[in-house]
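In the two assemblies presented below, chain A is common to both, partnered first by chain B and then by chain C.
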Partner chain A sequence: MYGGTVPALENISFNVPAGRFTVIVGPSGCGKTSLLMMLAGLRAQTQGTIQCLGRPIPQPDPLRVGVIFQEASLYPWLTALENIEFPLSLRGTEKKEHRRRAQAMLELVGLSGFGERYPHELSGGMKQRVSIARGLVQDPPVLLMDEPFAALDEQTRMTMGHELLRIWSTTSKTVVFITHSLTEAVYLADEVLVMSARPGRIIDRIHVDLPRPRSYDMMATDVFGRLRDRIWQQIRKSDA
Partner chain B sequence: MKIVFARLALLALVLAAWELLPRHGIVNPLLLPPLGDVLAMLGELLQRGQVREALGVSAAEVLLAFVVAVPLGAALGVLIAENDYLGEVFKPMLFIVFAIPKSIFLPMFILVFGTGFQQKVAYAAFTTTFVVLMSAAAAVESVKQDYLLVARSYGATRLQLVSRVYVPSMMPLLLETLRISMIFNFTGVLIAEMYASRTGIGHLIASWGENFQMKQLFAGVVLLAAAAIVFNEAVRFLESRVSAWRT
Partner chain C sequence: MKPVTVRRLILISMVILWEWIPRTGLLPELFLPSLSSTLAVLWKDGAIYAHALWVTLYEVALAMVIACGGGILAGAAVGGLARLRILLLPVVSSLYAVPIVILYPVFTAWFGVGSESKIAFAGIYAFFPVMLSTAAGIQTIDPQFLLAARSMGATLPQQIARVIIPASLPTIFAGLRLGGALAIIGVVVSEMLTAAAGIGYLVTLNRTILDSPRVFAAILLILLLSIAYYLLSRAVERRFVVWQSAGKPLQPAAAQSTV
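Let's look at the complex of A and B:
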């Protein structure tokens, strides 16, 4: 950076209850991704502390925190299975055990039979499933997701959101999910944290008390509409 | 399949024309000897001690220049791609210098190194280093930041970043670099030999040309063309094997 610096984030303070699905939503450029990078130990914050399961996270700790990126982050030179095994292969050497766990993850995300395909042979939605499997393979208690479905078309995006909830319900993971889609936020979340435009601050916490499992019908309900409107109003106010 | 057939037909046509046109006097056989005569001459030349020795010298020059230029160029390329400060300082000048035809520096190499073995190696290595440097820098920059971020988030060490992300990601471009650098390297040695030398296959070809020995000249051309094509295709085959994932 040249010239003056603008703080990306300011006065951020929140906690994420274990086992819950928390969604952070905010306008583009509000520092959502910076925040997630800090939570993952990939970037150091200039001030303040971050604790995860009672300990600070000064550098990536894949056994505590798994990160799921956008679909484009799969390694194109590895097959789907090899991509899923990648985190394991950085540590252990038990190839058979890696293969078994990767295969199990592939099944969990509904892709058994596609393990030998390369990313360019998979659709956008399938790639994202592989990416989720890669994030889950080490079984970290906390999952961070940075706009994982942003590159997908609207329809696939909704299907993937639903899939994610299904997968999440079979685990007991704490999820922090970043998005700029209001519908996605309400559909997925137990709680939505709304961020303001830069410098990013948390300006609202919205509890989503829609029952689980969620279904697509809920999007048409008044409750859903009111929650989405409330987020939208908050973001608009902060942008003005 | 049709395309392959058409390509082979084209090749056959060119070779047949080379054989028949001079043979029937449509093209002056003194300027372009028939293919059959050229191949017969090639067989004969390969028996001669003088030619074998020249080939040996040239091969040694090519090999040594390659061994010097590729690691040197690659190291410098990685350095300016990885170090932002060095990149900002050196890149503009390198781009400008890259545009200059390197052969105009040949007389300087003769002044410094004479007309022997060293001069050929030095000149070829000089021209090749530039190409390798530029391509290596481009190869490093082709590695997506996302790929590195993912690996870091899974706790990859620096060594693992290199071996598991940088190398496989750059492999197709690296092989391409190897292929193109060999073309430059080969050209460098031959130009230096043809310009001023008493040894090497380039020197022989130049003197056959000057003495109007067209059969020998074309035999030499066929031989070098074959060597270059074999190397090129071998690396291209490797390239297609490791870059099947590139779409």
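Let's look at the complex of A and C:
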């Protein structure tokens, strides 16, 4: 606004219904990640308010909001199980209970038997499963995911999306998921929020009424294609 | 043949050649005394060499405290704090190419010809590379590690103890390896220039009286000392930095400069 600075986000207003899967999609550099950092309490907004479960979130609150980043954020000096235990160990001291909960999460994400492996001994998809387990282990009602599958190859990415939906369906969490993949957005979402290029604004909300559980065949349907096309048109319009 | 086998064969054949070439008269004893005559001298003058080795080890240990202790702490500060980095790093980096050995005569004037001047010289000689490599290493810590820790509700002390320190371990060990290797070089070189004790002193002393077996006995000891230090530091590193040594081979950067 002054001295050549450009606001990252402008006039953003939306609410995420509890228990729903909301996907935010937009061109790179549109401020999606900034928005997510604010929702997580990791960065302060200059204006406006953010409420999570009826209260503002001025700093990270892992019991309300869990964050899942791209794969790089697993600690390479800890085993898979120790990584999942990490958030628990920051507060409690009941080692046995931590181990039990971490083990349960490891099973939920389909990695039982891999607990003693270090991250460098796991594949990209497996690392992201550990990361999801770490986000879920404190059982926060809200889960924020910042392009969690961006570093994976296309096939692994589709499989992981499907896996995420399976895990989500057993937990009833509120999810906000950021991606730049249109297919991923439509496949995962109850609702897609489309953001414009900088300064980021929400230019469309698209309700995805594909039935659940979702299956890979749906991607070939007309409904799926039309939804994906509508997102694409919106993004293209805002970029021009 | 496996690489390990080949390496061992090369080592064994070098030992054999060391013994065999002087015996055949291909090279005079003055140029290369045989391994057996070198070892014989080492055995006969055992007390002298043991004392010299003790002096050298003592100087290396104290120089390492200056170089590694100071270098790692200063490097962590410079690497971790942007303001310090902008102030100091260009100065330190530009001093990097200065051959610090030219300052050694000054050190002898200040600290005398005893151990103090060796410790001071070797300590400073090794300090700057350790500091620079630590500063570079600290900067490569992935900021995502800290972001993730904050999102999980880690307090600042927890971020330091549970994330920054473990993430810095590879850098700290690299600093120890480099600092130790350079401290050995610094001490031996300064002992060779002006000294009254130590292994480097024995090299110079015996060279001036053309006593080759005694020169080589001293060289052999320094060689063994450097290799022992490298193996020791690598073993310690493997134990503590599981995630790196298990994944990829360690870079033998420090070893190359010693041996």
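Quick note on the criterion: the second predicted complex is superposed on the first by the 237 of 240 C-alpha atoms of A that agree within 3 Å, B and C clash if a C-alpha of one lies under 4 Å from a C-alpha of the other, contacts with A are read in each partner's own complex, and residues count from 1 in each chain.
Here is the rule we use: a contact is a pair of C-beta atoms (placed from the backbone, for glycine too) under 8 Å apart; a residue touches a chain by one contact, two chains touch by 3 or more.
As the structure is a prediction and not an experimental result, all values here were calculated from the model.
Placing chain B and chain C on a common chain A by superposition gives a clash between them.
Counting contacts as defined above, chain A residues 40, 42, 60-62, 66-67, 69-70, 72-73, 75-77, 86-87, 90-91, 118-120 meet chain B in one complex and chain C in the other. Those residues of chain B that touch chain A in the complex are listed here as 144, 146-147, 149-157, 160, 164-165, 168-169, 171, 242, 244-247.
Across the complex, chain B is touched by residues 40, 42, 60-62, 66-67, 69-70, 72-73, 75-78, 86-87, 89-91, 118-120, 138 of chain A. The part of chain C that touches chain A in the complex is made up of residues 142, 144-145, 147-148, 150-155, 158, 162-163, 166-167, 169, 241-244, 246-247.
Residues of chain A touching chain C in their complex: 40, 42, 60-63, 65-67, 69-70, 72-73, 75-77, 86-87, 90-91, 118-121, 134.
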